[in-house]
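Each of the next two complexes has subunit A plus one other chain: subunit B in the first, subunit C in the second.
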Partner chain A sequence: MSMKAWTIAASISVIAITGLGITANHAAASAFTTASDAVEYRQKAFSLIRENFAYMSGMVRGERDYDADAFKQRAQALYHLSYIPFEAFSGAGENVTANSDALPVIWENWSDFEAKRDTFQAAVKELVNAAASENMREIRPKFMDTARGCQQCHQGYRAD
Partner chain B sequence: MVVTLWDAFIRGFHWLLVLVVTGLWLTGGNITYIDIHHKLGLVVLALLLTRIIWGFVGSESARFRTFLRGPRAMISHIRNPLKGTWLTHNPVGGWAVVLMILALLAQAITGLFTDDAIFFRGPLAHLLSNDWVRTLTSYHKQAFDWILILLAIHILANAIYSIKGKRLMGAMVTGKIESQEPVKQPKVVHGGYGFALLAFNLIWIFWWLG
Partner chain C sequence: MSMKAWTIAASISVIAITGLGITANHAAASAFTTASDAVEYRQKAFSLIRENFAYMSGMVRGERDYDADAFKQRAQALYHLSYIPFEAFSGAGENVTANSDALPVIWENWSDFEAKRDTFQAAVKELVNAAASENMREIRPKFMDTARGCQQCHQGYRAD
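This part shows the complex of A and B:
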């Protein structure tokens, strides 16, 4: 191959690699770029939250035998999940209410929504700590605080 | 002459309903009190069911066929609401009673199918699809404002009758009403039967849906 051909090939490679790098960077910033993907992400995250909370609810409300290890595991899962859905209310998910129960007022009262999100996440953290005590008397009030943490946004920010 | 208008069951039913519906109002929409709300809802269901049965087998004044009158009677009552002494609900009030019973019944029944998406699931919610549960939950949340409007009209109408000298509210407490003209005492069924029926309904409703 001539020198000229090498130069062209090298230039193309550099451009291609740079291009890939830029694309990869974008992909790393967010997996969802469309509104409907963001809504799906939110909904799936809330669905996981609901399922794990329901499991604990069964134990707290006496519908399922209390198993301290299983409860701790679920509380831990909920703790991690409690951070997941909220990022999809910004970026591609900002102001998106199509095929969603999210109400537009979320973005009108954004700082209130954030404050309530923080309250919810703090309540879940307390629930994790209470779960470690393996004492239902300590768990129950924290479980109810978490439930109230859910409800404070369901009322006003979620379609009935 | 003094007439016995309302038997003990009707009076007990009425004032228990006032208490329980107030309790439901205060506990509704708050997850902290959802279990109390659920139990109070079952009490209302038993109360309403017993009242409906009593409307067929109870005292004459409490029977639907005594107080559900046609449009002519309603118009004539609206034209001259203070005329005469009704030994039951008046022709307009009778329909108001049915409307309130139906609205509260719809509220109690839809409550059985609700799901709050947090941890409460009504005892019959598993029978329906998620879409239906969602629809009925939303109805249950929104319809109570309409019930409050109905109850406000009911209280206001009774207050006006009281001001105009018709002591309807007193009759709901004592069961007795004073009639100027001589009238035939309507047949009264002992209220104890009504309370026994209420107890029976409470037992099976709590056993099934508690």
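This part shows the complex of A and C:
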């Protein structure tokens, strides 16, 4: 192996090891390894969902100037985020209600909870499509469906 | 309108208003309205990324038993999350380094930062594909590429 090739190979190894090293410091924070990890994970995810939702809500309610590109970006972010929190109600997050607004009835009615998750995710997809129209008359009803998608679990599955 | 139809319509309005009401309490936390919101948003998103990455890292390094379904789920979550934090470096998050590890050079080299974001997102997509193979020999190099995708910004754009 030439000196140059060796140097490149060594550099790649250092980068790779350093890259993996990122995780070593945070091993305790791995997704779903402990109940408190799972609760923090889903709370952070819901917080990001809420921030995007609130931003769009301001435009739908006319409290913030409608900006089609910004709205599309927020709808797309909501789409990606709609897949994140629910997994943390399983595994280490199953039946965990400590330091959480989650109610035990979630796990008693698990298939209903999953169905409501699916309804929410489907509503967000329709909101993304409506956002592409750049027409608030098309966006508003899909945004309201998304709001109902949130609300269907906030009522019954979440402590107030 | 019949009494029944009116009741349904009224119920939907109440649900809709309540649904929108979720956001009213959190209006101050809207995505990208203030510099500190943007920093919190990107930090929460990176924290969710890190948790999924750390979980997969444990399997790649053999510290956690390889579970093909769990690995696929974490790779898919990482895919969705790879789109979330970067937007909060623009708008209200532009040039914001207070209470953040972000270095000012991000905005001096913005097109390079964007290119590195794209490289990271592409690496994660390849990791998702590799995860579907359920073969650690295919997964490992794509996971290392993803690690390098993180590292390329952690070195140079992030304070240690």
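Quick note on the criterion: the second predicted complex is superposed on the first by the 130 of 160 C-alpha atoms of A that agree within 3 Å, B and C clash if a C-alpha of one lies under 4 Å from a C-alpha of the other, contacts with A are read in each partner's own complex, and residues count from 1 in each chain.
The rule we apply is simple: contacts are C-beta pairs under 8 Å (C-beta built on N, C-alpha and C of every residue); 3 or more make two chains touch, one makes a residue touch a chain.
Bear in mind that the values here come from a model prediction, so they are computed numbers and not experimental data.
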More residues of subunit A are touched by which partner: subunit B or subunit C? C
Which superposed partner A:A147 touches (first subunit B, second subunit C, both, neither): both
Mind working out whether A:D37 is in touch with subunit B, subunit C, both or neither, as first, second, both or neither? second
Look at A:A77 in the shared chain and tell me whether it touches subunit B only, subunit C only, both, or neither; answer first, second, both or neither. second
Just subunit B (first), just subunit C (second), both, or neither: which does A:E87 touch? second
Just to be sure I read the superposition right, which of the two partners does A:D160 touch: subunit B = first, subunit C = second, or both, or neither? first
Just to be sure I read the superposition right, which of the two partners does A:R50 touch: subunit B = first, subunit C = second, or both, or neither? both
If you stack the two complexes on chain A, which partner ends up touching A:R61: first (subunit B), second (subunit C), both, or neither? both
A:W110 contacts which: subunit B (first), subunit C (second), both, neither? neither
Subunit B and subunit C contact sites that coincide on subunit A, given as residue numbers: 50, 53-54, 57, 61, 144, 147-148, 150-151, 154-155
Which residues, counting only subunit A, touch subunit B once they are in their complex? 50, 53-54, 57, 61, 144, 147-148, 150-151, 154-155, 158, 160
Residues of subunit C touching subunit A in the complex: 15-16, 18-20, 22-23, 26-27, 29-33, 37, 41, 44-45, 47-48, 50-55, 57-58, 60-61, 73-74, 76-77, 80-81, 83-84, 87, 144, 147-148, 150-151, 154-155
Given the complex with subunit A, which residues does subunit B contribute to the contact? 29-32, 116-119, 137-138, 141-142
